[in-house]
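Remarks on the structure that follows.
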Amino acid sequence: MLVAKVVGTVVATVRSDGIDRPTYLLVEQCDTHGAGKKKHLVALDTVGAGPEELVLLSQGSSARQTAVSDKRAIDAVIVGIIDSVEEEGRETYRK
Amino acid sequence: MLVAKVVGTVVATVRSDGIDRPTYLLVEQCDTHGAGKKKHLVALDTVGAGPEELVLLSQGSSARQTAVSDKRAIDAVIVGIIDSVEEEGRETYRK
Amino acid sequence: MLVAKVVGTVVATVRSDGIDRPTYLLVEQCDTHGAGKKKHLVALDTVGAGPEELVLLSQGSSARQTAVSDKRAIDAVIVGIIDSVEEEGRETYRK
Amino acid sequence: MLVAKVVGTVVATVRSDGIDRPTYLLVEQCDTHGAGKKKHLVALDTVGAGPEELVLLSQGSSARQTAVSDKRAIDAVIVGIIDSVEEEGRETYRK
Amino acid sequence: MLVAKVVGTVVATVRSDGIDRPTYLLVEQCDTHGAGKKKHLVALDTVGAGPEELVLLSQGSSARQTAVSDKRAIDAVIVGIIDSVEEEGRETYRK
């Protein structure tokens, strides 16, 4: 999974994904400290993530393995809100 | 999903995808303001997207999860027309 | 799908893909004018594409959604021969 | 599979992956000598990998082909602990 | 598929892939002449490929479409030994 930060929202009313009232969040890939890498994706939120939170992002067919995304044309889903990241013995991020 | 802009069309009469009269659009990956990144893909349109519109692009096996692309050799589908993008509290794009 | 150009052939007699007499073409990713990007892939031909033609390339599990590639260990298939590409109102390629 | 090094851990209590008490490790892609490439991923550990160990990383739908990740929204799994790497006749890494 | 060169081996005794005595080869992505690109992957060998040989590499779910990799957590498989590559009318590689 990728570490990403929630940086915004995307609204699309004309869709073919078959999901009723999806929450599409704009996320930015991050380093392990939460600094943005200027690479953005749109991901379906399944955990109630909020602005500036670091999240775990699942992509590809794995993104369809949640109740809300099952069999939907979704290739990126937020599957977790990160509490903390530890890298080489140091805590690099805490929510 | 990726944010992309519709920039053209691709016509191919000899195909093995099994889709009757597909609309293949040329799309360009965009930043959150709609500025092109010079990376182009060809995507099946399933929502009636028009020129210069920002769209949501699903790739991989997820691209086959629409009625028209089901079980077809399609790896990129336009699944939504973006109305607006909000990034860090500011609206960066409105249709 | 990617736009690619047929630039050669690859012969491999020892294989585990289970396909009887496949045609493996060497393709090069292209821009919308057909200029090569120096990124090459080997793709199974399912449409009878010829040298220098621009083609549509499907990758991943979608590459297995043709009669010849079904359930085979193939991750890139030529699914269409491009007749023309139109970008921002101008024709950038015609076969 | 990719060669990666275990460099830390990620804790996320709010999740939609349906896995009971997963171990999410922070891994860094490596060269064949074990030197980090500054590209990090979060992967589910299925083999009990420890800090600084080189591991084999499976991604995409293949990451769901273990007992613990089956049908879960997981796109990266550690499937092996590397004992040694040999490149061009020389051993470049030994655990 | 990618063109890659067999450059070494990887040994991992602690694994969760469920494969009995797999041969994991270290491969390097190549150009069409067989020159390495310094991008390495670990791939399951299903064809008995030897050192320095150019091979066809299938990735993703397609890598699971061989007898030995079926339903295994494998995302890269060697599916062919390349005999020759022809690019723009010239032979760029012969085994």
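Chains: A, B, C, D and E, in written order; residue numbering restarts at 1 for each.
Keep in mind that, in the parts below, a residue touches a chain if its C-beta (ideal position, glycine included) is under 8 Å from a C-beta of that chain, and two chains touch if they have at least 3 such contacts.
Predicted, not measured: the structure shown is a model, and the values here were computed from it.
Bringing chain B onto chain C by least-squares fit of CA atoms involves turning it by 70°, to the nearest 5. Under half of the residue numbers at the interface between copies chain D and chain E are found on both sides, making the touching surfaces mostly different.
Per-chain Cα centroids separate chain A from chain B by 20 Å. Centre-to-centre separation of chain A and chain E, using mean CA positions: 32 Å. Among the residues of chain D, those in touch with two or more other chains are 60-61, 63-64. Viewed as a contact network, the protein chains form a single closed ring in which every chain touches exactly two others. One closed ring of touching chains is present, and its order from chain C going to chain E first is C, E, D, A, B.
Touching chain D in their complex are the following residues of chain E: 7-18, 24, 26, 40-43, 60-61, 63-64, 71-76.
Chain B meets chain A in the complex at residues 1-3, 31-32, 46-48, 56, 58-67, 69, 77-88, 92.
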